[in-house]
Amino acid sequence: MKIQGYGGNGWFITKMEQLINWGRSRSPWPLPYGTACCGIELMATMASGYDIARFGAERPSFSPRQADVLLEAGTITKKMTPVLKRIYDQMAEPKWVIAMGACACTGGVFRTYSTHQGIDSIIPVDIYIPGCPPRPEALLDGLVKLIHKIEKEHPLRKQAQALLQES
Amino acid sequence: MNLERRVRICLESNALSVEETAGDITVTVPAGRLVDSLMALKEHPDLKFDFLSDVIGIDNLDLFRKKKGKGKAAEEEPPEKKVKAPPPPRFEIVYLLLSLESSERLRVKIQVPENDMTVDSVTSIWRAASWPEREIYDLFGINFLGHPDLKRLLMWDGFKGHPLRKDYPLEGKGETRRLVYEQEKIR
Amino acid sequence: MPDWKIAIIKVVFIWCWTLIVAVIMTWVERRGAAMIQDRLGPNRAGPFGLLQPLADGIKLFTKEDIVPARAQKYLFTLGPVMFALPAFSAYAVMPFGDKITLGGKEIILQISDVSIGILYVVALGSIAVYGMIIGGWSSNNKFSILGGLRSTAQLISYEVPWGLAILAAVMLYGTFSMREVSLAQQGTFLGFLPNWGIFKQPLGFILFIVAAYCEANRVPFDLPEAESEIVAGYHTAYGSMRLGLYLFGEYINLYTLSAIIVTLYFGSWHLPYVDMSTFLGPISYGIATFLVFFLKVAFFLWLFVWVRWTVPRFRYDQVMGLGWKTLIPIGLFNLFITALFIQLSI
Amino acid sequence: MTAESQCRIYPEAINEPEPSGDYVHINIGPSHPAMHGTLRIITTTDGESVINAEPEIGYLHRGVEKLGENLNYTQFIPLTDRLNYCSAAANNVAYEMTVEKLMGLEVPEKAQLIRIILMELARIADHQVCVGILGVDLGAFTPFLYLFIQREEIYEIFEKTNGTRLTNTFGRIGGVDTDLPEDFGPMWNKLRDGIRKANDETDRLLTHNRIFMDRAIGVTPFSAEDALNWGFTGPCLRACGVKRDLRRDEPYYMYDSFQFKIPTGENGDVFDRYMVRMIEMEESVKIIDQAYEMYRQMPEDAPLMARVPKIIKPPAGEVYHAIESPNGELGFFIKSDGTSNPYRIKIRPPCYMIYQAFPELVQGEMIADLIACLSSLNIIAGELDR
Amino acid sequence: MAPLNHYIILATIIFSLGVIGFVTRRNALILFMSVELMLNSINLMLVAFSRFKADMAGQVMAIFIYAVAAAEVAVGLAILIAISRHIKEIDVTKFNLLKW
Amino acid sequence: MDLIFWFFAFMAVSAGLLTITAKDPLPCALSLMSVFIAFSGLYLHLHAPLMAIFQVTIYAGAILVLVLFVMMLLTTPGERLKSIQKNVPFRIMGAQLGLCLTALLGFGMKGISDLVVQARLPDGFGHPSSFGTLFFKDYLLHFEVASVLLLVALVGSIYLGKKSL
């Protein structure tokens, strides 16, 4: 199976990809998984002062099937890791993960027997936001970075390559 | 009448020792007489310690190690006496009591030796002791006799070891969890 | 132009219009919520975030379509379809303007004026519950089941006061036809009030609007999808466009319900004290009636949003209690008063 | 390793319990909108009503107490922020006071006033979150946002004082390191009006709302005896009708010189807890007013720190001190062996004791009430699991 | 317009399906549904007769059947719930409390 | 050929077959709903719009929803009901009975259908108003009896549904 576009480097597919990326980047519905202090800053970001809704990330989807971005805010303990993994696995593609706060990125100050040292050893992380807890501006910045990242993806090309490999 | 005397009168011979640090009074009672003593403290008309703030477990392992290692007193002791003396109880459990009427606080302490780690539960007196006792069971491994639902509280069920013991490292020891799914059989 | 062509034009027009309104409603809901809550709301997609629904749609369409492993596959697909379909179909009997004369032909601004219009809407409303039941049942998830159970009990219970309110209105107008109901609300009542249903049926109107909120699963009756209790209720396990259909169907439902409210109680396309047909040409009259009708509908749509972001949610047994112990007696009383009124005035 | 031989590792962690007999087990949490991310309640339900609800905690157990044994006394202060992260200042002060009590330090008056002011601000912030979340869990999202606007202003004051918004590692052992900002007066004036306005709006949206009253009044009531037996403290105990407040009963700092009321409820239901919190916010505003008045009369160059050695080495011994944190009695138990590290730190979090009574509180109620009850108790996982 | 015979045959088939379902199934809920099938076939016949005889009385009779069906379902399901509370089962062959 | 009739008739029979053969009660209920909807289509075809609407509102909208509600109450999603009778002879017997019944009824009805004369429809046939006239004039007593029946059923079901019988 061969995919050809109108002139240029796959013109049609490129335009389609741009459209899809536009849609995806304008409505990243978050799954706010705030476990600790960062959860409060996450609330502050959702509240009126910072208003995460401006980026379309307004509808918090607590059901993993409906979410696009796993906003992991806070410490993940070893008791919690299976839960986090399962939630990530339940989310539908395409999915992104933002690790908010030092604990989520690296384990933070809690280098102890019960704290998991960074969620990136369980699930792939797209954006790391350092800080303990990060300011809402930092979270918004991370979200914008994620949006830019989404805009540069090639959703169709990935599929096409997968198809080519299959056939 | 100050608190110390009242406590001594109330507990009589059960009060092994009464200490004062920074204005707080700690009374040590024998582990076997714990429930009786706490009941007496709760019922006594002069004391009325009717509120249990918390139950605290302490592991004194490092304290002995240090004494053995550098304390001059330990070195000077005659060696034969050191061998004969039974090992000091490793664990302590502290009950924080509060009297709502007079707002006085009292700490009741029992000592739990390592070879007999069973303590009577006080959940029959205060329901508030339920979770703190479970927590001590979880983190120190001390059993509570008569606790309605003694199981791990903070750590997960399959966890091995008791993290707050002094011989447990801050990080390490078999608590990593494998994160793979079983191949699920669907229908 | 033959009749069937006109009919097809009307169907296509209403279909598109409903879709557009539903799409705009998602935007209005989000911006309205933001306005109520001192926020800005989505403003990155297009001017004022107007393209936000489009972005949501594209995203939902291109998202991975997951059917949970233990779900019943076909029913899982059927659920959202069953939810959205009745909402679309209810538009067949809804008037959206008066009749206009074009080229000697009278065209009614309504897809079809059937003698049982109101009953048709009620029947479709009772079908819509299946979407939630099937969705909740087939996802094999306890929260979904709870949501499905709640929706079943709630919708059945509130169909009774809803029906009682409609019955009283029907007694007043003496017809089931939506167009005749609209026509009956011309002129004035008691000399100074517009001859609208709300002034003759104030109790019925309150009953109807409460039951309508319940039928639409909106706060304070959003128990089937109560977020803080049962995650997302009957659509917990739904993602991608299946979820999209549920969300979309909800807004179409809102539009339908608002249109019924306007038709039954708010004088349909009539302006108070003014008879537009006397000074407007046939086409401009048609457009004017359409606009008047839609503006009234828009007010009720906004009311839905307004209430959504203002009040807390009922508890399950309180909803049942309100339905059976308060609304049904009021409905019966209203029916009795209406009957008395009609009997005396004859 | 083949896929077949991989073992299932967490049946105990997240797999839902299977239905048994008549009842259905519903696993609420830890990822559930009303469970604040880290709580988990395994409910046994019959239809909508709860037969049994067993809380499972430890999902945020970060080993703070063990960590504290390996840090020195000053280094532990930042960890106290992360206990009750809604009101970090109160935690800081509670810990510092305990160490000061152990060392026999007397904190200068100006530092005391600064601590009181920031602690009361933290109380307001904490109650705002609790009330807001209660609204959210009952389905009213808007009051939460109104309250958060004022919370942002409180953050601003914290930020101007010590540079952080939420986890303000505030104060040092023996006093405070920074003075209040110079423009605290006007900022406070603005904030006071804002808080009153937000409370007014919340009052109008929730307190006098018929639906809210139906949802809150008479839901999960608790008697005073039971509450004391279960170790309730703070607003939850006061809602049961017990007039107990450590600020009045075991006064520390200058609390006995302030005029403030201690609100109490009657039935200990959700509405009483909510009302106690709402009134306490008002009282905190009054306390801050009085404290700031006293603060203004202090000389500019009054000391902020007591004389403290560079390396803090309290004498060996045990000490317990508790203050009235927004949630109730927050106590620290410290056993020192005379070195620079604490030998054992035990934190007595208020909501730990409250949460263990949860099965008894919600038995026989409905699932929706369970959610309302949980959010009215204000369980903060950080201090619950430590 | 299909002749009356067609309607009658259709109604008969549906009625028989209802009977078969009622006889062969064990799940009490499906038994209810089979009864509904039978009642519906009667309704169809009544409406068809009313159409072909140009007499509205048939439809009125059908409405009465609705009333009967509604009453039957309400009481029947209540009985079913009451029974299943006791024996935790909705299989009709297990309803044997009255056997001796 | 009357396409509308054949379409709905086919739908009704196939859905009816599914109703009594489906394993799960839920597909059963849903196919029963398609029977109802097919019938409502036939009613429309028979100039009885009010009947069609009642069919949907009462049968599909109320009765079947009630059945579904009870189904959800009594069965949990995890467990599947063994609903088809394992006993094969029993099923064959049922089928025979059904066939005989169909034949018998068919013959009986054939006789009745000859009696019914196809007449021209009067004005307002099937219209709500003529319905109402009939209801509240000729059949008033029947109507009242039916409403008493419904009331009795209401009271009875509430009584039966109580926890402590």
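Letters A, B, C, D, E and F mark the chains as written, and numbering starts fresh at 1 in each.
Heads up, the rule we're going with is that a residue touches a chain if its C-beta (ideal position, glycine included) is under 8 Å from a C-beta of that chain, and two chains touch if they have at least 3 such contacts.
In this text the structure is predicted, and so the values were computed from the model without any measurement.
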Length of the shortest touching-chain route, subunit E through to subunit F: 1
Farthest chain relative to subunit E (centres taken as mean CA coordinates): B
Relative to subunit C, chain with the most remote C-alpha centre: B
Inter-chain centre distance, subunit A versus subunit F - centres from mean C-alpha coordinates, in Å: 52
Subunit D and subunit F: spacing of chain centres that average the CA atoms, whole Å: 60
CA centroid of subunit B to CA centroid of subunit C, Å: 64
Euclidean distance of C-alpha centroids - subunit A vs subunit B, Å: 45
Of all residues in subunit D, the ones touching two or more other chains: 9-10, 13, 24, 32-33, 47, 58, 61, 63, 66-67, 145, 149, 385
Residue numbers of subunit B (touch at least two other chains): 154-156, 163, 168, 170, 177, 179, 181
Subunit A to subunit B touching residues, read off their complex: 78-79, 81-82, 85, 89, 111-114, 122
Interface residues, subunit F side, partner subunit E - complex: 2, 5-6, 9, 12-13, 16-17, 19-20, 25, 28-29, 32, 35-36, 39, 42-43, 46-48, 50-51, 54-55, 58-59, 62-64, 66-67, 70-71, 73-75, 81-85, 90-91, 93-95, 97-99, 101-102, 105-106, 109-110, 112-113, 116-122, 125-126, 130-131, 134-135, 138-139, 142, 146-147, 149-150, 152-154, 156-161, 163, 165
Footprint of subunit F on subunit C - complex, ascending: 72, 75, 78, 114-116, 119-120, 122-127, 129-130, 133-134, 137-138, 140-142, 145, 148-149, 152-153, 155-156, 159, 176
Residues of subunit D touching subunit A in the complex: 9-10, 13-14, 30-33, 36-38, 58-64, 66-67, 78-79, 81-82, 85-86, 129, 144-145, 148-149, 151-152, 155, 165-167, 381-382, 385
Subunit B residues touching subunit D - in the complex, by the definition given at the top: 21-24, 26, 50-54, 56, 58-59, 62-63, 66, 94, 96, 100, 103, 105, 107, 126-128, 130-132, 152-158, 163-164, 168, 170, 177-183
